[in-house]
Amino acid sequence: MNDAKTELGRKILKIKKAKGLRWADIAARITMSPVWTCALCMGQMSAEPHHARGIAEILGLDEEEEATLCEIPYRGAQPMPPTDPLIYRFYELVLVYGTSWKEMIHEEFGDGIMSAIDYDMQLERLPDQKGDRVKITMSGKFLPYKRY
Amino acid sequence: MNDAKTELGRKILKIKKAKGLRWADIAARITMSPVWTCALCMGQMSAEPHHARGIAEILGLDEEEEATLCEIPYRGAQPMPPTDPLIYRFYELVLVYGTSWKEMIHEEFGDGIMSAIDYDMQLERLPDQKGDRVKITMSGKFLPYKRY
Amino acid sequence: MNDAKTELGRKILKIKKAKGLRWADIAARITMSPVWTCALCMGQMSAEPHHARGIAEILGLDEEEEATLCEIPYRGAQPMPPTDPLIYRFYELVLVYGTSWKEMIHEEFGDGIMSAIDYDMQLERLPDQKGDRVKITMSGKFLPYKRY
Amino acid sequence: MNDAKTELGRKILKIKKAKGLRWADIAARITMSPVWTCALCMGQMSAEPHHARGIAEILGLDEEEEATLCEIPYRGAQPMPPTDPLIYRFYELVLVYGTSWKEMIHEEFGDGIMSAIDYDMQLERLPDQKGDRVKITMSGKFLPYKRY
Amino acid sequence: MNDAKTELGRKILKIKKAKGLRWADIAARITMSPVWTCALCMGQMSAEPHHARGIAEILGLDEEEEATLCEIPYRGAQPMPPTDPLIYRFYELVLVYGTSWKEMIHEEFGDGIMSAIDYDMQLERLPDQKGDRVKITMSGKFLPYKRY
Amino acid sequence: MNDAKTELGRKILKIKKAKGLRWADIAARITMSPVWTCALCMGQMSAEPHHARGIAEILGLDEEEEATLCEIPYRGAQPMPPTDPLIYRFYELVLVYGTSWKEMIHEEFGDGIMSAIDYDMQLERLPDQKGDRVKITMSGKFLPYKRY
Amino acid sequence: MNDAKTELGRKILKIKKAKGLRWADIAARITMSPVWTCALCMGQMSAEPHHARGIAEILGLDEEEEATLCEIPYRGAQPMPPTDPLIYRFYELVLVYGTSWKEMIHEEFGDGIMSAIDYDMQLERLPDQKGDRVKITMSGKFLPYKRY
Amino acid sequence: MNDAKTELGRKILKIKKAKGLRWADIAARITMSPVWTCALCMGQMSAEPHHARGIAEILGLDEEEEATLCEIPYRGAQPMPPTDPLIYRFYELVLVYGTSWKEMIHEEFGDGIMSAIDYDMQLERLPDQKGDRVKITMSGKFLPYKRY
Amino acid sequence: MNDAKTELGRKILKIKKAKGLRWADIAARITMSPVWTCALCMGQMSAEPHHARGIAEILGLDEEEEATLCEIPYRGAQPMPPTDPLIYRFYELVLVYGTSWKEMIHEEFGDGIMSAIDYDMQLERLPDQKGDRVKITMSGKFLPYKRY
Amino acid sequence: MNDAKTELGRKILKIKKAKGLRWADIAARITMSPVWTCALCMGQMSAEPHHARGIAEILGLDEEEEATLCEIPYRGAQPMPPTDPLIYRFYELVLVYGTSWKEMIHEEFGDGIMSAIDYDMQLERLPDQKGDRVKITMSGKFLPYKRY
């Protein structure tokens, strides 16, 4: 169902490289965050018309591609378990830290979950003498389990 | 192989509740972070002797249990895909954001990965009028793929 | 991790049968809905102390069992795909109606999901000449995907 | 086997968007419910000729496409477990509530199942100050297990 | 959840052998068919009290075991794909004849299914010069897919 | 390996519909049973030349298609577990009745299996006031396990 | 269901070792082949009473164990894919030679299969200067696919 | 990676049929065994140039196809578990006889395996009054586990 | 996502064969190791521009193909478990030696892992009278688990 | 089947720790390599009597445990994919380098495999200023695919 969005993602990666743009550049154009902009271009988010407009302009997309950016995707094309080592490391974090997240969030908030929908994320480079680090900051709204 | 560590984890949860302790209290005793301390108690990390000492004292563990804390675990007891909704949401983030993490980290650092070993994490409550949020900050050393 | 809650669930089923109680009776005692009360007793929900109190009284549970009702479960013990025909039919509904739910909810609400956390459900008998029907009414809060 | 119905589904989504129609509009034309009409268009149901006729007229489909609407599908194209978060939440409900549905339906009706064939469903918006809700009402005929 | 029914099944097999009974003997006692009676004893069906009574008498079961026969099972303990050759052959029939059943039933009845709930079955020996045959006769109510 | 037979199956379904034929009509032409004829056309059986001849004539197939009917298939294209509800019900019968078939066949015949190769099947409509039924009659040669 | 047969298998391996017996010795006692005798003792075959008698005598089994040898097993406890390298090699032969077996058997016999029930096997040491070889000879009755 | 070899296999099957050749005929031309020749043509083995030469001549293959026969395949295209009944029976033999092969080979040879690489196989028709049999003779070099 | 790199890999294998080159020849041209060069050409590594330059020259690749060599791959196209016997043997080593690697590395280095990113490998022929051997030497940086 | 060997492995780990021994110490006692000795103790290899003798002496095992060391294991208890990060990295190497191993070994040796049976391995610490490295050296006999 996502063929159009996936194909557009591949095309955007090529244009972005050819134009020497960074995700931050594209994001700045639409005043959104780089992570969300990247996820949108990779076909995992849906844009509002003005976002699609801005991205189409900076990347030189046609009208149909602009509309494709606004479509709501069937999310989750990522194979599981991930075969790519970079992505696998995040899967491994779930394996190793899953129970800790559960215990700590319940301790602090009670029964419920951290939303993956009302959710945002940032990704930064953290300079470090022993080797720079990838820093990821995320926040998701706590949703209490309804008792009814 | 982890039976002893898993069983100890269950016991610690009971003691912690009975004593009204929080992970932060236990962590403070050994001057470590709450997330790592929780992961250690859940059987996913190995302690150095003085950490095990401190935890044994605050929780009232016996010598064998103290030694168990120092053992290196066979990590990853978490069933996959996770059946628990709280843990599943993190798995879903890998499904949705996997390719974005890959594109953004490569853009910034080149070919390589974010280490899940030389890695740390913090978990906080982020007050918010529309509902408090779970904030997670993590950093992992970037490891460039060796070309040889 | 849920052994205690699962085992308690089995015990409650026996007591309930022996006492000739219905879920509605137990639910009425704690002024909650029968579905939630049943899910709680089956080990899939966590009770607040006064709910646990009421259930312990009506069923004659001891203190430890009462505390077990308050514990937050590792949810989702149900094998998938379900082997039991009654439960499988719900799984089949996801197979058959999954894409329709997606298209209809997006049409009405835009990009987002129906929460399975801020969620409630009712189950009724619907008299019908051609054979009575099971009626299920559920509602979940719509959560819009955050654009950031 | 469903290639024609799946492809037609994609085409219908485009026409529907281009014409600014809602599922309710298409359903009204054939005096059927919006959910069934949507499921039909998504390739999961088979139409009677006059339904196919009405839909072909409102959407401008050709004769072969009209015939495709009448074909009986090989149902269940939905990947399992669902990777899309919206659809996954329904799968999660089976994980969490499966045993409760089983206990409650047996309590009320005895041994048997809720039919997923002699089944209907409605989907509505439920206005709510804390955020509107998705309301789903479904009913399926109870089928008692035959003892022979 | 079915431990009691599975365990009882094993015990019944032993008693049956020790007493030199056949399924037909047990079935005759409760005026039911041998297949259903066997499925009941194997823990896959639920008895009405008088069936349980008759079986308890002929096999010498105690009161708790009699009650166990009346319990509604979590059906489907059979591993899939079946590793046992006898059971696997039936699985193979689904692989080979699945699409033919679908085409033929739809041709005759239209869109719908053969119920596996309002269903009965017989198993007989069919004498044959080239080697006796297993004859299975089954019938299930046709359930038309509801259009609503 | 079965592409030709699968594709031919799809084509036959169309021709059959266009010509208003039933499986019984096609089967009568070659004096074979409707189930086997249907399975042959669905690509799961191999024809003898005169069967292929008859089918080619009644359906208007060309020489290559006639030859394709005679080819021995790589059987079993059916996805498992079946996602289509009609086919799934047969899979469910294996889940529920697998152990009963095993116990009953062994009781009657001793150690061995019912052949799925030296096997035949009939499918009929069984008129019934409470709703017509699908009746399936199958027989397979009993094959005793060789002791050597 | 095979617990008794599996447990007996483990015990037989110990007795056999303690007594310094070979499968050929046990087989000779009951005038059967070593492979079948081994498979019987490993819990994968059912004995006739006089076989069980002979094995009980040579191994010193009690009456219940003798009866266990006669029970018909739920076959196929072997995990798949096999994790043990010796057993895996046979699985690999299916991967590599599966299509060749199919083409060659069909060429010689037409449409049908080699029975794995009316089947026997021998295992020998084949002396060879470059290293002795395992020689396996098997034969299974050809079963033609019934056309009906 | 094996597309060329798989496609060539399909073509060879057609040519072989058109020319009325048997595997034994093709094998005789290159003085190799029919099984190996068949496996080579099915894309699971690699030919030496003179084998490829001979096969190309007898079948009328072009130069590129001849070269394809010499390529070393990515072996194992067979789906597992096999859906085709003929191939499945061999898989079933691994399920049923896996542990017996292990016990018997270790008894005779000690710790090690039967090679599936230094391996050969023959397939014959064994005339038998009660129905001809498929006879398979295989031998593989015993490889002792190295202790170092 | 790796289509271009995979396709290029296939093309390189053909050119390499046509030109009679060995991996060592290609590697020597860019002063890199043969294993890394091979992995790069197989689409599992990313080149720096001058590596891509050298490879393009020796193999006669065009500009787009040269750029493809520099792209960072979605790694891990290898099916698991591997169906090819050569690759499977490495998988088997993980099955057999996994726990030994874990115990030995922890004994020597403490808690942590051997990096598969800061990693190199060599593959050589080891002449041996009893048959030459494949020698693989690998080294990966030890990464201690961070305690924080 | 390996329960005794697995349990013994756990016990050996405890004794080894209590006695402050290293694998090299145990290996030296029986003049074998540390890797093989470790694999033996972890239940994945079989000892000759004098090896078992030496290990029993140094670790203080009883006669039955000594015999257990000599038993041939059902190898491969390691869960796959490995959940433990240390072991997973080796699995990842198969994912990333599988095709390169295949291409390079075939280039050097022709069609065949590296034996995982006639195989040895060493594990060393490689001092390195940027962080010490794990060095693994392995060699396996090349086995050419038999053409017959």
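In this document, chain identifiers A, B, C, D, E, F, G, H, I and J correspond to the written order of the chains, with residue numbering beginning at 1 in each.
Criterion: contacts are C-beta pairs under 8 Å (C-beta built on N, C-alpha and C of every residue); 3 or more make two chains touch, one makes a residue touch a chain.
The shown structure was predicted, so the numbers you read here are calculated from the model rather than taken from an experiment.
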Give me the set of chains touching subunit D intersected with the set touching subunit I.
A, B
What's the fewest number of moves from subunit A to subunit F, given that each move must go to a chain touching the current one?
2
Per the touch definition, the chains contacting both subunit B and subunit G are I, J
Contact-pair overlap exceeding half with D-F, pair selected from E-H, A-D or B-I
A-D
Between the pairs B-I and E-H, the one where more C-beta pairs touch:
B-I
Express in whole angstrom the distance between the two chain centres, defined as the mean CA positions of subunit G and subunit J.
30
Would you mind pulling out the distance in Å between where the CA atoms of subunit D average out and where those of subunit J do?
55
Mean-CA-position distance for subunit B and subunit A (Å):
23
What is the distance, in whole Å, between the centres of subunit F and subunit G, each centre taken as the mean of its C-alpha atoms?
32
In subunit E, residues with contacts to at least two other chains:
1, 35, 74-78, 80-81, 83-85, 92, 95-96, 99, 102, 106, 112-113, 115-117, 119, 143
On the basis of the stated criterion, which chains touch which? Give every pair.
A-B, A-C, A-D, A-I, A-J, B-C, B-D, B-I, B-J, C-D, C-E, C-F, D-E, D-F, E-F, E-G, E-H, F-G, F-H, G-H, G-I, G-J, H-I, H-J, I-J
Counting only contacts in the complex, subunit J reaches subunit I at residues 9, 13, 22-23, 34-35, 38-39, 42, 44, 75-78, 80-82, 84-87, 89-109, 112-116, 119, 121, 123, 125-126, 128, 130-143
Considering the complex alone, what residue numbers of subunit E touch subunit D?
1, 32-33, 35-36, 45-48, 51, 72, 74, 99, 102, 106, 110-113, 115, 117-120, 143-148
Which positions of subunit J touch subunit A when the two form their complex?
81, 83, 85, 88, 92, 95-96
Subunit H-touching residues of subunit F, taken from the complex the two chains share
1, 73-78, 116-117
For the subunit C and subunit E complex, residues of the former touching the latter:
10, 82-85
